Each structure stands twice: as C-alpha cells, then as structure tokens.
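Structures for review follow.
First chain A sits with chain B, and in the next complex the same chain sits with chain C.
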Partner chain A sequence: MPVLILSSENKELENKIGQKIAQKLEYTTLNQEFFSEIAHKYTLDSKKLMNAMDITPSILKRMPSKQWYYYLSCVEAEVLDCLLEDNCVCWGLAAHLYVAVVSHVLKVRLIGGHNSILRSDEPNMTLDKIKKIIAEQERSRENWSMTAYNCKEADPGLYDMVINLDQVQTDEAVETLSTTMGYPRLKAMTYSKNNLTDRALAAKVKNVLLKSLADVQVEAQNGTVVVTTTSMKRAKSKKIDTIKKLAGQVDGIGYLEVHWNKDMLTEAAMSYR
Partner chain B sequence: MAIITISRGSFSMGKAVAEKVAAKLGYGILSRDLLFKAGDRFHVPKKTLEKAIHDAPGIFERYSHTKKIFIAYIRATLIEMVADGDIVYYGLAGHLLLDKLPCVLKIRIIANLEDRVAGRMAGGLSEQKARAMLLADADQRRKWAKKIYNVDPNDAALYDMVICIDKLSIDDAVDFICQSASIKAFKPTNDCIRQCRDLSLACNAKALLVEDFPDVGVICENGNLLVYATEKEAHTSKFKKIMETFQKENYDIYNLEVHTGLSVPANAV
Partner chain C sequence: MSNPLEVLLLDDEAIVGKRLKPAIEKINCNVEVFQDPKLAVERINEKEFDIVVTDIYMDDMDGMQVLDIVLKKSSRTKVIMITGYAMISLARDAMEKGAFDFIAKPFNPNDLRVVIAKAAKAMGASIDLNTLLKKQEK
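Entry: the complex of A and B
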C-alpha cells in the first residue's frame, strides 16, 4: 500500500493538507509529533532533537557535528521503520531527503500558497514581506539539506510531483493527491517493500555506529550491509572490529562487509609531525 | 476555453504527454507550427525565430535587440492562436510567453537524465554524445530564460505543477493534468477572456512597434491601449503612422493613449 511524503516551506498548509488526505484515505499520519516519541526512545532532549532538524552543526549553537549526525540518524531510523507499515502520510520529518526511489512512495512538494498566510496571520503582514521570509527560510533549508543529505530541498528533481498552491486550492490539492494515491503504479510490491526494508536496515546500522563513531556510510541490499569508513592505517583493525561488534547488535543483517579507506589527509599531517 | 502549456526538456516525454492530454480533452495542439505562422505573418524565416526562442543571446544580439523583436512577433502570434482556448501548447517558453494570462495551467514535465539519454541514443548517437547534447540543450534554455526573463526554467515556482515521469507513467501524468484542468482556477471566466483579448491587442501593437522602437511598453485594459514611449519616439511621424493604422485596423480598441516621460510599468509587454 502506498506512502505519501509531503514537503513544504509553508508548514501550516503542509499540515492541513497532510491531515486532510490522511483523514480522507484513512491513512495513519507521521509528523513532528513523532519527535517526542523518538526522543523518549533514544533518551534525547526533545527540544534539541527538533532543533537539529532546523540548524546546521555549529559549536556556537551547541550542536557539534557528531551529535547532529547522530540525532539525524535517530530520526531517519525511526521514520523508515514506521514507513514499513504502509498506508501512511508523512511530513515535517525530512523523509523526502532519505527515502529515495521506492516505487510505492509518492513524494510531493507543495510550494506557494502564501495568500492563505496573508489571510490568517497578522493584519500588517504584506505578501512581499511573507515572500521575503519564505525566501530566507528556503535559503536556510537549502543549507541544512545540503549539509545533511547533499541535496537541495527545493530541487523539483527530488520529487514525483510539485504542486503550486497559488492557484490550486488546498481542497483541490487534497482531491488530486487522494486520487493519485489510488494509481495502481503506487501499490506496494515485493521489490519496493524490500527496497524500503533495506533502507530501514541501513539506517538502523548507521544509527548504532554513529553513537560512538564518525565518518561511516552504510548501504544495504537484500540483507547484506556494506559499511564504508575512513581512518588512519594504524587504527584500521580497531575500527573494523568496533564496527563489526556494534553492527552485530542490529537484527536483520544477513551479511556484513566493512570497506575501509585510508584517511590520506590525517596520515599526511601525522607524517609531517 | 482552458489553455495548457507543457514545458519540458528534450526527450522528457513532454510531447507524448501533450498529445495524449489534447486527445483526451478534445483540445487543439500547438508546438512548432507557431513558428511557421509567426514567420509567415512577419516575414521572418522559421529558423531565425527558432534560434531566437531557443538560443541565449550572443554579444552582438544584446545590443541589436533582434531577440526582443523576434520574441515580440512569436508572442503576438501565440496569443492570437491560443485566444480561443481549448488548446495545449508544448513548444518552447509557453509558460513565460503567456505569463500575463490568468487561467493558464502551466505544467513542467521532467524525467530522469538516464532515461532521456537512452531516448536520445535511440536516434543512433553514442551515450557520451547524447548526454552532451542534452546537457548543452538544457544549458542554452537556461541561459535564454535567464537573459530574457531573468528566471531559472528549473524553478518550480514558475509552474502550477511539475510532474516527474519516472515513478509516474505518461498515462498517470495525463490523468493528473486532465484532472487539474477541470480545477476552478483554470476554468475561463469572462474576465479571463477579456484579459486574453486585451493582451492580444497589446502584443500586436508591440509587435508592430518593436522593430523601430524596441523599448516601447504597451498595456491594454478593457480595450484601452496605453503606449509608453519617450518624448522623442512619440513625436516621430513613423510612430504616429503605425499607431493610426493599428487603431484603424482594430475596431475593438476603445481608446488609445500615448504616455511620454514615464517609466514603463512592470506589467507592460
């Protein structure tokens, strides 16, 4: 059964459309409310976790890089695990950035619709002011998505569909998307389910590794997990052993492979000393 | 009288989508025929017009206003051809040429680059050549839009919908567009028909003036034609003659005013 992922700069509209579609199709919803559950499960500070989804790592913002990546991996692992359940509408959790090319997942970007803010917000707010604020938000989101997942959030190529809400009303968008979700092409198949299961497995392994390590990339295919890491030559065996030990705790791994790359820069710096 | 513009990159299946949408809705379809018609009307070779609407302006063209002239010809012809509505235009720059018209459903079709390369290779090209041609073509279109309209054609905000032909098939996209065409915002109203007629008048006036007076701006509201020109331009006999002939030939012009010494408004053509 299909999964719908929504993304928008206009949080109010995104929330409204997401709720309406879920209600109409009788799907479950997965949104920002899920952060508290994730924070509770991983014993994290809920506010800090939500903050990590908005800011880039910075010591000044009290969010070191290692902690930031760990927080993101917690969200990614939990969201992917929930998406395995199907029949779900998801928004506000950046899922469009880490769920890639799964045939039963429809990714939709909602843009525009600033007139609705004009009507509902403060009376002295003009359309130009709102557009400026949204443009600023877009720039900061682009910065965030480039740092976190190396892609631009506003790039239409990331989505299956982009709907401009300047002319299309929210109810019309809900109607259109609800109909689209019924397309046979979006029905879950064994292949697409396995694809999503592999991504969820890779995210779980990555999460376990990022708790104590840095610089790890994880991929999974049919239960085979490949971890790629970089370190100095003298730390090679220790790092590989740690990865094997930590990743071994995750259920569902059929076979684990660790690919190691030499950290040329640190090696060069150390040899100079 | 809905008007649908379908913008696409080469080999993005946009043509197939446009043809199927037109067949399903019983609409007319328009693409490169526009250039033939504009060429016949203004006595310009089709190849020149094609180049004007596709390639970014070169160094000399930036000063000679040739692109501006040819684009004014193409725009005037396009608006006349789509004015009756019920049409799908899938040629170049439809969303930009018709940007001042309401009730136009602007669609962008995108596709995976690898699929597009495969499509291009079916013509007997090597993969490297096919990829290079597609990228060069996209680059020209991007530069053209940037130079002429100061926009990025890949910006989703220029369109009402962007559909990726990958997970969604051509038929899914067709269903989606047909469904969207029935949305209230894209259904023509009397106001929309009037605006279309006004824009057609403004574009035709601009097309007549642009060769000799490239910086002239024209606005038409409820049949009232406002022409913005410099003092020097407006007092030439050529300008007066063009305006007199135009007014005589177009009975639907209610009033004609020439404004001098004012900056051209942003909504002027």
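Entry: the complex of A and C
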C-alpha cells in the first residue's frame, strides 16, 4: 500500500493536511513526534536531534560535522524502517530527501498558504513580512538540504506533485491527495518494496558506520551492500576491516563490498611535512 | 491438492525461461515458455491462462502491449511484469494498466514463486510454497 510524504515551509498547514489525510485514509502518521522515540532508542539528546534537522554542522553551534551526519543517519534509518510498513503519511522528517525513487511513495510539495499564518499570528504581521520570513527559511532549508543530501528541498523535480495552497483550499488538497493515493499506479509492488528495503538496509549500515567513522557512502541492491570510503593509504586495511566488522552486525546483508578511494588531499598535505 | 495453475512465461532470452520454468513447476504450476511475443499472444488467444509472466522490452511487441492483450482477453488473469530496465515511471505505468506485480531483474526464482503464490491467493486459489518446496526436496 502507498506512502505519502509531504514537504512544506508552512509547518502548520503541512501538519493539518497530513493529519486530515491520515484520518481519512486510516493511515498511520510519522512526523516530528517521532524524534523523541528516535532519541530514546539511540540515547541522544532529543532537542539536539531536532536541532540537527534544522541547522548545518558548525562548531559554534556545538554541532560538529561527524555528529551531525550521525544524527541524520539515525533519523533516516528509523524513518525508512517505519515506511516499510506502508499505509503511512509522513512529514517533518526530511523523508522526501532520502526516499528518492520508490514508486509506491507519493511525494508532495506544499507551497504558499501564508495567509493562514497572517490570520493566526500576531496582528502586526503583514503578508510581506511573512513572505520575507518564509524566503529566509527557504534559503536556510536549501542550505541544509544541499549539505545533507546534495539536493534543493524546494526543487519541484524532487516531487510527484506540487500544490499551491494560495490557490487550492486545504480541504481540496486533502481530497485530491486522498483520491490520488488510491490510484493503481501507486500500488506497492515487488520492485518498489525491494527498493525501499534496500534503502532501509543501506541507511542502517550507514548509521552503524557513522557512529565511529566518517567519509562513508552506502548503497544497497538486492541485499548486496556497497560501502565506498576514503582514507590515507596507510589506513586502508584498518578502515576496510573496521567497516566489514561494523557492517557485519546489521541483519539482512547478503553480500558486503567495500570500495576504497585514496584521500589525495591528506596524502599530499602529509607529503609536504 | 488443488488443480495446477496455468502459467505462460514470455521472455526473449532463452536462459530466463530455461531457468524459471522448473522453478515455477515445483509449486504446482503448468508452465508454457515463449521467446517470441507474437507466438505467445497467439497462444493467449487460444487458451485462458491463470498467470502470465512477461518481459517488457522485446523486439516486435513489448510487455505492455502483451499486458493489454491479456487483460482484454481475460480480466481474471494476473500479469506479472519482469524487466532488466526497471524505472519508477515504467513500474507505475504497468500498475496503472492493471499489472498484478512488477519485478526488476535480476531476481531470485523464489521471488517469482512468492509473487505467483500471491497471485494465486488473489484468484481464490492457494499455493503453500513451503510445503510444496519441502516435498520437492525429499
């Protein structure tokens, strides 16, 4: 059964629409409330985990790069694991960025709808002011999504559908999306389920590796996991052995392959010493 | 034991039929293998199959056309699409046209057996994969 992933700058409307669709279709919801569960499972600070979903790595913000990537991998691994269950409406967890090509997942970008903020927020707020704030948020999100997943969150090409909430009423959007979810083309099939299972497996392996290592990319296909890593030549064997040992703890791996690349920059820097 | 399911398997690569036929026969299915889509369609017009497993990219006629022909002939027949060129848009189009399932190559023969068992269930028949495969092993 299909999965719906929503993405929007307007968190209030995103939440409202997500809840309404889930209620109408009797689907489960997966949203920011899930952060506390993830934090508990991985013994992380819940606030810091939520913060990692908003800020880019920075020593000044007490979020070093290694920790930031690990936090993101915890969210990714847990969300993908939940999405394997199907019949789910998901938002606020950046899933639209790491669930890229799965045919039973409908990804929708909600834009506009700033009038709702105007009505509900403080009276001094004008539409122009709100638009400026939203534009600033969008810039910050673009920076975040580029750093985290190398794609622009607002890029319409990432989505199956874009709905402009300035032109479409909330209830109409709910109705449209509920109907779309029933289309046969969004039915789960072996191909799409395997795709999602592979992504979930790759995310689990990445999560296990990022706990202690950096510079790892993980891909999976039909249970075969390929880890690509970079290090100095003298650290090659140690790093490959560590990857094999750590990844071996993850259930579901049929075959593990480690591809190693030489860290040319560090090698060059070291040779000048 | 219930009557065997009638399965037509169409793939222009001979190795696919050669490999999958015995795997599917193990789960109480009669399998007819075709490499030429035109001959397969002729056979589909003669006989109502329970399940048609078809490749998508073939010369002369593609699997999507076969899907249309099968469903026009018999809406109860379950069509399973297999392809080495799986893409999200192709998968969605196949499901929209009424395919029962879509599998990307390469796959394990058991993956197809699982899908055939699901198709059998959807048709009101049943295939107990574990029991049948255990019997074959003995």
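Please note the rule applied: the second predicted complex is superposed on the first by the 273 of 273 C-alpha atoms of A that agree within 3 Å, B and C clash if a C-alpha of one lies under 4 Å from a C-alpha of the other, contacts with A are read in each partner's own complex, and residues count from 1 in each chain.
By definition in this document, a residue touches a chain if its C-beta (ideal position, glycine included) is under 8 Å from a C-beta of that chain, and two chains touch if they have at least 3 such contacts.
Because the structure is a prediction, the values reported are computed rather than measured.
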Residue contacts on chain A - larger count, chain B or chain C: B
First (chain B), second (chain C), both or neither touched by A:172: first
Contacts of A:222 with chain B and chain C, given as first, second, both or neither: second
Chain B versus chain C as contact partner of A:185, first or second or both or neither: both
Partner chain in contact with A:157 - chain B first, chain C second, else both or neither: first
Which of chain B and chain C A:106 touches, first, second, both or neither: first
Doubly contacted chain A residues - partners chain C and chain B: 101, 103, 183, 185-186
Contact footprint of chain B on chain A as seen in their complex: 101, 103, 106, 109, 111-112, 154-157, 159-164, 166-169, 172, 176, 179-180, 183, 185-186
Complex contacts: residues of chain A adjacent to chain C: 101-103, 183-187, 189-192, 194, 222
Chain A contact footprint on chain B (complex, rising order): 108, 110, 154, 156-157, 159-164, 166-169, 172, 175-176, 179-180, 183-186
Contact footprint of chain A on chain C as seen in their complex: 86, 88, 91-93, 95-96, 98-99, 101-104, 106-107, 111, 115
